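Labels A, B, C, D and E are assigned to the chains in the order they are written; within every chain, residues are numbered from 1.
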Amino acid sequence: MRDTLLLGILLLSPLVTASLIFLISLFFKNTKQTIYTLLALAGSGISAAIALYISYHSYFEKQIFSSHLFTWLNIGDFTIEVALKADALSSFMILFVAPVSFLIHIYATGYMSRDKSYGRFFAYFNLFIFFMFLLVLADNPIIMFIGWEGVGLTSYALIGFYFGDIQNTYAGNKAFIVNRVGDFGFLSALMLLFLSIPSGGFGFSNIFLSLAHIEPFTLSLIAFLLFVGAMGKSAQIPLFVWLPDAMAGPTPVSALIHAATMVTAGVYMVARFAPLYNMTPEVSLFIAYIGALSALFAALIATKQYDIKKILAYSTMSQLGFMFMALGVGAYSTALFHMFTHAFFKGLLFMAAGAIIVAFHHKQDIRDLRGIKFPKIFIMMAVASLTITAIPPFSAFFSKDAIMGALYASGHLELFAMAFVSSILTAFYMSRLMVVLFFNKGEQVAKESPKSMFYPMMLLTLLSVFAGLLNVPELFGGDLNFSHWLNLADKIYTIPHAKEWALMAVNTLFIALVIYNTYKKYAYTNAIIVEKNYGWVTNKFYIDEFYNKTVVAAIDKLSHFFEKTVSSFLIDEKINLTALAYLKLGKIVSMTENGNVRFYALYMLLGVVSGFVYLYWMLRSAV
Amino acid sequence: MSNEFIALAVPALLLFSAIFILLFGFSSHYTKNRGYFITLATLFIAFIISANGVGTKYSILILPDIFNSMVVYDTFSATFISLFLLGGFLTLAIAKSFVDKTNFFTHESFVLLLFSLFGMVVLTMANELLTAFIALEIASMSVYILVGLNKNSLKASEAFFKYLLLGSFSASFYLLGMMLIYAQAKSTNLDVIAEYILHTELHSQLLIIAGSMLIMITIMFKIAAVPFGAWVLDVYEGASLPITAYMAGVFKIAIFAFVLRLFLKDYITFDAIYDPLIIGGALVTMFVGSLLAVIQQSVKKMLAASSVVHSGYILIAFASIGEATSSAASAIMFYLFAYFISAIGAFGVLSYISKGSDKAINYDDLDGLAKTRPIIAAALTIFMLSLAGFPSTIGFIGKFYILTSAIEAGYTFLAFFGVLSAFVSIYYYFKVVMHLYFKEAGHVEVHYGYKVSLAFIVLSGVVVLWGGVGTSLLLDIPGINALNELSRYSIESLGF
Amino acid sequence: MSVLSAIIFLPILTAIFLFFVNLHITLVKIVYMISTLVVAYLALNLYIDFDASSSMQFIEQHAWISQYGIEYHVGVDGVSLGIVMMNALLMPLVAIALYKQRDKRGYWINLLFVQGGIMGAVLALDLMLFYLFWELMLLPIFFMIGLFGYGKSNFISMKFNMYTIFGSLMMLISILYMAVEHKEQFGFYSFALDELKNITLTTTESLLVFSGFMIAFGIKIPIFPFHTWLSDTYRSAPMGIVIVMSALMAKLGTYAIWRFLFTLLNETSQELAPYFIWIGLFGLIYFGISAITQTHLKRMFALSSASHLSLIVVGFFIYNSYGLIGSSYFIVAHALSSAALFLMVAMMYERVQTYTIDSLGGIAKFAPLFALFFAFFALSIVGVPFTAGFVAEVLIILGAFEYDTLIGFFAATSLLIPMLFMFKTISKVLYGETNERTKNFQDLRSHELLAVIPLALLILAMGIFPNYFIKKIEPTAKAFVDKKEAVYHE
Amino acid sequence: MLKAYMILSILLFSIGVVGLISRRNIIVIYMSIELLLNAVNLSLIAISADMADSSAQVMSLIIIAIAASEAALFMSLFVVLFRNRASLDANLFDILGNKHA
Amino acid sequence: MQNEILFATLALVAIVSSIVMISAHRPIDSALSFIVTLISIAALFALVNATFLFVVQIIIYAGAILSLILFIIMFLNIKDENLPDEKYKNRWLLATSIIIAPFSAILIDLIMRSDIAVNGVASEGFGTIKDVGLNLFSKWVLPFELVSILLLVALVGAVTLSKRSE
């Protein structure tokens, strides 16, 4: 009962507040913003509090909260319960999802304060976290899929939030459609999975118990298709194209959805299905490669981007690639830990970017923002940047280093190499961003951000710095509390401490070198202005154009072909022609009706004669 | 009333009434209205009398000593006689406005109408070839003249000319055929011929087969089967509307009544020989008929062409008579009921709205009628649906029986082609509906008057609907089942 | 007179009454409302009284044309119940939403006729009775298109008419053939579903009979390649009829496949199922892709309907309980969504007088309620979670995967394809810059809200608590699957 | 003898048909029709003689009467047609055909 | 033998005159040759002892009907230029003859093959007016009565159609 209550409130408070905000904003046009603010914050705040409570109990008392709400579907063997379960993994997820959401909510009250659609924004926003919780807390994959689709949907709504410009809407469409391609894989996988399971319900625990019954090929197929879902949601190659465009939404949206929460759902899902992936090493390896490629590819593109949010978006994609690499080699906890830290620093980066954008009248191009003066933001952003580049002792140092270690230890050195290069590139583009923004001559001075924006950022800064301490590896005397808590089916890699130290050192050294060089190149120069802003990298390897030219154009062509050629010309016209031919034939036949009575008599005679010929023929054979 | 009395009373009544009007017509007391109502009353009384003979199963020879077994009165003839009388009555009742507004509807036309009905009555009862032929000639000649009544109209004269010429031409085939049969069977009595056929080898039947073939040609001509029905479009077009209705609705049925008797008594033995011919005829008739119907501009011509198609449907059932005798024969009867009432209704509406003008009623003339005269439009729609065989109308049930009997006889392909031509017929019948409802009226129509005509049109419409859905479940009025019973009794009274 | 007969004949009688009694238009609307509400009430009672543990019920049977064994025989089971409910629900809602737009008696009379016709066709258990209603419901549609349609409405109504009647006539031949076979094998005519299923046919015969039925149903649905009447008809037809066609009539085709073909020609249907599954899948993709480049809203949604209907066909033909329940559920779900969406389009047309997608835009700015509902219904058609369509699609896809993995994948494309055009449409209609046409777009009025809110709530309820609804279908599905097993074990 | 008569009758009948169809003059057409009836009569008389039964003669008598009534109609037809068109050319009477529709 | 020769002669006359009838250009020629046909047919009647019918044929056909035709031809005063210009008359005749040939041939073949002749022996007074009359009023009274009605119809019709409309 307590579980039901807790989980229920956790889940429903955003939904209820979202609905309330919706109704109010639709029917009472002149409502004060305060009411929306209160409702929105209440919704996410209550959730955040309960989430912390649950995580606390989960972490320290190893409690599992579970609740069965109602039966969603029951057809013969097919039973889907709407059941929620906060086991360690889910608790871990809500541990950062809920508070970060809450913080971004607070931030957004400031960021959006002058927007006319303030209410609508928070309605979507709360709806989003409802779906996110549903995704995370679901105890069976179908309900998880509902949450999964739901976040996609709300994300679509939020990306296209400024619908006055149709391009934003298209960006939303793109996001949802690409996501749905992933969902296609996800749902197919679920169906296959369901049909392969002997019986006994579709809860996760039962699924994992039944995996052994599934034949290997099907299992691999399922694993692969699940990952297709993850590709879509977590913006991995080849389904990443939506993420950069998704930056069309308001910045809090980018911070929450496209950095901290939704995009990590793919990682969460793969981790959730860890037992499955452990049985399909080839798919895992594939995941690792996709992750590596995405990380490298995104990092590469990020080096030549100028839009502040786009840089961060590619960076997100790149970091997600890191996570998938870890997942691919079986280091699930490591991946999740990176996700954890990533939520903080990437959230922070976006918020900072948002603060800059607001302060400088919606300028987003770093070439226009050279040398801005914005001290507080600078500090916070610097911390976040250092975190993302994995400079010790910031949190990401621990997480990313663990990934590198795992990659190295797994024996796939090519993966390690790619991760290493990505890591270097990360250092480059982040420092490039920072240097261009803050270490340049410029007169632009911003007015301070409102408090509602500032304090959440403060908090996140702290978290970025210290979150790493929660999963300190043995190397530094920690005991990997997190990993133990999550208790996932990790593959345990051990490498000699000496090697680990060496790796770390080399890594850090290279990063430091890159940062230094970048500073030299961009600080107080016009390198950013004169650098070549065309070519393959700047244009993101023409991937969008490629998709447009092939997939989109092909579908359009096909559509025309179907409608104009097949339906109209090949079928309909033929049918009409048949009718016309019939009429034509009627005209021809009616020429016999020429009105001349002698002809009529002649027809009769012809009839008579042919009848008699027939008769004679008949009788001849009879007699 | 004894059946023999009915059998004698009905034709006698018609005859006497005809002669009375003929004489009365020369008197100064005669007005058109009086003639009209006397005719109407005669028809009504005759109908009432003859309706008494319907419903039970019997078969008697009328005055066999005097008439030498040449006429027979049975449920079959009773049913058909009631049908024509009703048909004649309805045609005339609906044609009131037409009769009033035209000056060629003299007393002779009533006389001829009664004579033609007399001819049909005798034709239906005829059990002998020559009697049947004379009866047929009486009916035909009356109708020829009725077609040509409007002698100032070029169209009517031409129609008269064509009908008379081709009718006489076809009649001579009948006589030739009769002669051949007589030469072989030494009798013209249907029963005797049937006996003869039953007891001889095919070798001794050659001339009977050829003669039957020739008689069939006349019949094909009368029912306007292709290629003998080329006249039908022209004649229907040329005749004035009530007469067209009469021809399509009543006269044709009389022919079929005779054919059915002929078939069931004699032809059925030669089933194997004739079936392919009839099938071919049915196919060609349906096909050509529907081709002609789709391209017509004039509604009247369209209905004429479609009546050809309907003959084709009935031929389907004739083809099936050999294998599925009772169901096919009842199907024909039912179909005739259905076609009778629908055709009379359809032509009746046209005559109602034509107001006696000679002008061909084109589709365009129906435009917007639904706005000005919703009831008339609805009635015409119902008749069209019935002719098209749309469910919930009597026409559908009729078609249903025909198709079922065809399938039962093993001629599924024939049923299939029947359905195809029904499909085409949807086009031209619905075109009428389309013009009634969807087009705007070009001119404002005044009201047409004559509540009586309207009432009978509506009545026919109701009958059409009731014949399509009617059941004793709802009201205690004879519905489909009763009509079915009726046709079955009729067929059984012929000895099947 | 049972409740089923009342449901069938009340609308028809009301229509006849309205035809003959020349009431003022306001009164006509009131009578219409009363009639449809009574039907809705009766249907609701039916739903409540419906025994979820058995299949066919509320059977009413009387002799009709006794010589041929034709009966008035009606009954309802889980699958037909859904269509009955939709029919009963949508008719009053259509009136609520559109009553201001339509001031012609004929409009409402014809709608009542259609309602009765559809009810009859859904409930009939005798093939002749079914045929009667099947044809009868065509007539008002013909009139509606011709009388109140747009564009070349005369031509289009005729074409539609010819198209569908062609199918019906083919079906008629099949029905008659079966009846005659029944007579030959059992000695008497019968058109009852329960009787006709006992006859044995040779392979060729059953193939031909099957095709006769299938042409009729295929045209009505429509499945590829019988679809070319579709987009023009939808474009031309007045909205009341578009709603009826897409929400009810087309569903009737799929329903009839299940009810009649699967009962009468079970083995043949199973043998041919793979072909129709492929046709259905092809249609799903074909219509979906065709819709993408449409510029006319009604045409686009017509193709969208066709696409989903193909999926329903697939659901039926995969012959398992998931597929069946999914399809039945989809019938209802899609009826709700498409009816609602077309209602929205109708309201939109009233305001902007255009259906061209490209000439719209920015409606969401001034009409948030309209935008909300429009988007919601559009998304419910796409099948996003929490809407009824999602449940149905999941079930059909599941059934498809159970049938065959490859087919499962194709069926799962239903997640993708409708989206392609639906999102484009939403964007172009609701978002972007406002223009001359849309800048004075009035938001939903209260009576319009009254019409769409129940639909939205029902869609949500069916998406969130599907089990409650599906329980009513399950016994029917079970009986169906048992029958299939029986065939396999023979 | 009977067969000879019948063959002759068939020949006359055929000639009548040929005349009916080939000629445009309505009066000739009418005479052809009369020839048809006479051909039938000829056979009937022969049958009668062969059977030694006068029934067939009665029949032919009746046919002659029918021919007479047809004659009456044809006469009036000539009058009507000639009055309308001042011609007895069968080809002229085609306004009801599709040419004029 | 004598009968056969007579028959052959009469048949030849009938056929030739009827061919002349259908092919003569002017109706008056046709009518006259038709009289020849009718008379030869009447003679054929007489050949088989149908005396009454022979008389009837002569009186009614050759007498009444033909005079009627001639009367009409005169009455209408059809001049040569009013006659249809039958350019293709001969072609038509030829074509129709070819078309009808199978019909005649088949019928003749059937007649030849069938066993119709009974060769009954005629009793005394066969074919006389008494014989025919007795038969007419015993066996054929109904057709007889009907024919009277038919004649009445024709009469009414002829009057109706021929009188000038007022």
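Quick notes on this structure:
Just so we're on the same page, a contact is a pair of C-beta atoms (placed from the backbone, for glycine too) under 8 Å apart; a residue touches a chain by one contact, two chains touch by 3 or more.
On a predicted model such as this, the values are computed, not experimentally measured, just so you know.
Using the contact threshold fixed earlier, the set of chains in contact with both subunit A and subunit B is C, D, E. By the document's definition of touch, common neighbours of subunit B and subunit E comprise A, D. Between subunit C and subunit D, the least number of touch steps comes to 2.
Using the average of C-alpha coordinates as each chain's centre, A ends up farthest from subunit E. Core chain by CA centroid proximity to the global CA centroid: C. For the pairs B-D and A-C, the larger set of C-beta contacts lies at A-C. Mean C-alpha positions place subunit C and subunit E at a centre distance of 72 Å.
One simple way to say how far apart two chains are is to compare their mean CA positions; for subunit A and subunit E this gives 103 Å. Measuring from the averaged C-alpha position of subunit D to that of subunit E gives a distance of 7 Å.
Separating the CA-averaged centres of subunit B and subunit C is a span of 43 Å.
Annotation for subunit B: residues 130, 134, 137, 141, 144-145, 148, 151, 160-162, 165, 169, 183, 186, 203, 206, 210, 233-234 touch two or more other chains.
Counting only residues that touch two or more partner chains, subunit E has 96, 100, 103, 106-107, 110-111, 113, 116, 118, 139-140, 143, 147, 150, 153-154, 157, 161.
Residues of subunit C in contact with two or more other chains: 162. Listed by chain label, the pairs that touch are A-B, A-C, A-D, A-E, B-C, B-D, B-E, D-E. Residue ranges of subunit C in contact with subunit A, taken from their complex: 162, 225, 227-228, 231, 286, 289-294, 321-322, 325, 361-362, 364-365, 368-369, 372, 379, 384-386, 390-391, 394-395, 397-398, 401-402, 405, 408-409, 412-413, 415-416, 419-420, 423-424, 427-428, 430-433, 465-467, 470-471, 474, 477-478. On the subunit A side of its complex with subunit D, the touching residues are 590-591, 593-598, 601-602, 605. Considering their complex, residues 22, 25-26, 70-76, 78, 120, 142, 145-147, 149-150, 153, 160, 163-166, 168-170, 172-173, 176-177, 180-181, 183-184, 187-188, 191-192, 194-195, 555-556, 558-560, 562-563, 566-568, 571-572, 575, 579 of subunit A touch subunit C. Listing the residues of subunit D that touch subunit A in their complex gives 17, 20-22, 24, 90-91, 93-100. Listing the residues of subunit B that touch subunit D in their complex gives 130, 133-134, 137, 141, 144-145, 148, 151, 154-155, 157-162, 164-165, 168-169, 172, 175-176, 178-179, 182-183, 186, 188, 233-235, 237-238, 296-298, 301.
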